[in-house]
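Let me give you the structure first, and then I'll get to my questions.
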Amino acid sequence: MRAISKSFGTFLAVDNVTLDIRPNEFFTLLGPSGCGKTTLLRMIAGFELPTEGQVLLDDRDISSLLPNQRPVNTVFQNYALFPHLTVAENIGFGLKMLGKPKADIAAVVARMLKLVHLDGRGDNPVTQLSGGQQQRVALARALAPQPKVLLLDEPLSALDLKLRKSMQIELKRLQAETGITFVFVTHDQEEALTMSDRIAVMSQGQVRQVGSAREIYDRPADRFVADFIGETNFLEGTLAGSEGSMASVRLKAGGIIRAGLPEGGAPKADLTVVVRPEHAELAAAGSGTFDGTLGEVIYFGTDTHFHVRLDDGGTFIVRRQNTRSGAAAPETGARVGVRLGEGAAQILKD
Amino acid sequence: MAKSFSIKRLPGFSTIAMMTFFVLYLPIATLVAYAFNSGVSVAMWEGFSLRWFEAAWNNDLVIEASVRSLKIASVAAVLATICATLAALATTRTAAYRGMTFKYAFINLPLLVPEIVTAVALLIFFSRVKVWTGYSGLGYLMMSHAAFCVPFAYLPIRARLESMDLSLERAAADLYATPFKAFRYVTLPLLWPGILAGLMLAFVISLDDVVITEFVKSGGQDTLPTYMLGQLRRVVTPEMNAISTVFLLISLAIVTVFFFLSRTPEKDNG
Amino acid sequence: MALSAAQAGEARQKKDIRDRWLLSAPALLLILVAGVGPLLIVVLYSFLAPGSYGDVKWEFSSQGWFNVFFARDIFDDTVSLADAHFSIFWRSIKLALGTTVLCAIFGFPTAYFIATRPPHNRSVWLFLITIPFWTNMLIRTFAIQELIRTEGIINSVLLKLGVISAPVQMLYTDFAILLGMTYVHLPLMVLPLYASLEKLDFRLIEAAYDLYASRFNVLMKVIVPLVKPGLIAGSILVFIPALSSYVIPRVLGGGKNLMIGNLIELQFGQGRNWPLGAALSVTLVIIVLFAMLYYVRNAGKAGGSSHG
């Protein structure tokens, strides 16, 4: 996908996006509501034509082809199953439209039914299936013609939590078994992080960062990504020196830390550093990277959050896994230190 | 429950409503009852008999007019439904475009113009055309019936289309269906109940028409309603009641089917 | 590299709109040719001179329109207002208004009754209202005719009960026309009224009672204003066809009690003054248009106020 843009009237829904989606990968578009994920997906499927730019598939320009001319299939958010057809007829629809012989279609449909665990339900009307089953029919229907790319627009959002978890695993399995490229849209960051090979984080029509779940989580490129994904502490500081991919940063809150440099951007003198709450630990006052006063302590079951009031007025959250022994926690109001592990801090681009 | 009912109750309303229903059906019931009268009066009951149904059945004029009515209504309803279906496809499920409101208004215009005026206009127009072409067959009646049936057929078809999920056709296109195939295999089967409902509505409306037919018909082209209108000027025997009863039954059957057809979309969604 | 996607998109959009015109062409053409197009000819005819045996002479004449409003005495050529036409127009309007009022009086309680039934019963009651609507209008008129004729059932029953000593002449009177038109058009009033009553929030009525409103006050100050859009729609749906009735006055008015529709027909029959008939038709259309305009205005207002 190259320099693609889409505007509705004067509104720019997708702004100059260039993405390279690799064969056989599970690629996720992640972003808040209204950021243009669906629009981007619809341009790949062909329901929407880009105002500018091109959609390339295996180096072939498909940007102006009709949806039925693209070897790309979609799993719709509302499933869009044909209510007047049976499960089997739904799954076989694509192949029938391609003019495949009846016997071949029947064979593929049988294989698909097995793949999505709906053996024996082929003759049921789709209207009599549960939400999860309909979801799987929609998947099978889109997979049956063996598309090059499968597009999934928030396919799990209509399912309840438990079903969603099991479908996540199912989807992952299907992708591995079929070897088809999945482009998956979600605004659920956890879903994105657990399922994807790579994630593109979008905001206001632009792609903010592309990378594996680890890269995005541990080394967010900018404030938006850091903020959108997981909980983050932002620390202001100034550049004190750099070597290779690491730099030393003098924090406003006191202390000097080593932090990762962002890709391809020499940081300005005034910069922001992010630290995930679970990458920091409490220490005795004076023995950590910087000190603060302990504020609220919030118990979450699996872990506990410690809110540390910094001397520059900010708040830093430390997350500690709860263990059986339950190490003694300092009292609210006590002076504490915060120690950052090696590689815990990352400098933002802006 | 009881409390909310007393809040909704307005004194006398239920009485008037029941009276309205009674008055609505009394004339029809009487009409049907006297179709079975063995006497010649439409007011004095003299015993049960089917003689008037027999009389109507043996009346060539009645049978001819009925057949003509059915012919005209069939052709007009099919023609109107085809036109209405295409027009409904052209005027729904898209961003408003130039001329769409115009089309919508124009299609519904026949509902707005007083029937007597349309009838007069068609009389004038077709009397010219008849002279030019020399053709004076049933075509004029079929055409004019089709024209005023279009808005009636359009109504349920449009309603059905608008309640149909656009993503189904997208899904079809996504699954390699050409626009024509998507229409053939997805849109049409789903639209079918709406089309049938439109067809029936158009059929009933055409079957019932008196005014336009009265003005457009050439000599010897009486339909059942215009034949009846002509007969009403004379002394009426229960034969008219018998004809009316059969006519009512046919309309009732069609309307009942229509009623159930136009309920299906709710069931689909629910 | 043939077309850019943007160009392809534009071309596709153009084609879509062209297809949409092609698709609607048959319907538009049919209605133009065999529906409303010939109305233009009527307008044209109203400005032509009458032919000797019906039809028209192809020369401009304002006689048609002149005759709508004025009558020329055949003996002394004096011009006077066309009283006959005015009285028929006035009668028609009076009868149509009367029909509308009667339909509202009977239709409102009926619609209210249906709207307050339990939801699953409503469609049955609605069906009962719509059945007569879809059955032949002529037959329903005929049914009324049988009921009220001099030797008809109503007279027989009243005579037997001793309420009257001689049959009452009901058929071929304005009363008969009024009765017939109310009977035939009632569903057209009930349906839109029901549509707005169904949406009525009965908590409002509860609130009104809570504020010590009497039943009458609740009806007039709360319910009626809330269903005003439905009432206006129903009134228009009844008034327009009632005003242009042709069959009902012909069957129940017996050829003596004319309405506009019959007056128009006369000009194309015995009177054979086609331009006058055409001018009368145009006049009827204009009255209907004004009624519509009034409706659109008020419906707009009512809609606006219900939002506020």
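Some notes on this structure:
Labels A, B and C are assigned to the chains in the order they are written; within every chain, residues are numbered from 1.
As a working rule, contacts are C-beta pairs under 8 Å (C-beta built on N, C-alpha and C of every residue); 3 or more make two chains touch, one makes a residue touch a chain.
Remember, it's a predicted structure, so these values are computed and weren't measured experimentally.
Taking B-C and A-C together, the pair of chains sharing more C-beta contacts is B-C.
Averaging the CA coordinates per chain and comparing them to the mean over all protein CA atoms picks out B as nearest. Separating the centre of chain A from that of chain B, both taken as means of CA atoms, is a distance of 57 Å.
Rounded to whole angstrom units, the spacing between the C-alpha centres of chain B and chain C is 17. Computed from the mean C-alpha positions, the centre of chain A lies at a distance of 62 Å from the centre of chain C.
Put simply, chain C touches chain A in their complex at residues 1-9, 12.
Chain A makes touch with chain B in their complex at residues 45-47, 66-68, 72-74, 76, 78, 80-84, 93-94, 96-98, 127, 141-142, 145. For chain B in complex with chain A, the touching residues are 165, 167-168, 170-179, 181-182, 185-186, 189-190, 268.
Of all residues in chain B, only 4-5, 7-14, 16-21, 23-28, 30-31, 34, 41-44, 79-80, 82-84, 86-87, 89-91, 94, 97-100, 103, 106-107, 109-110, 112-125, 127, 140, 143-144, 146-148, 150, 154, 204, 207-208, 210-211, 215, 225, 228-229, 232, 236, 240-241, 244, 247-248, 251-252, 255, 258-259, 263 touch chain C in the complex they form.
On the chain C side of its complex with chain B, the touching residues are 16-17, 19-24, 26-28, 30-39, 41-42, 45, 55, 106-107, 109-110, 112-114, 116, 123, 127-132, 134-140, 142-147, 149, 151-153, 156, 183, 186, 202, 205-206, 209, 215, 218-219, 240-241, 243-244, 246-247, 250-251, 260-261, 264-265, 268, 274, 277-278, 281, 284-285, 288, 292.
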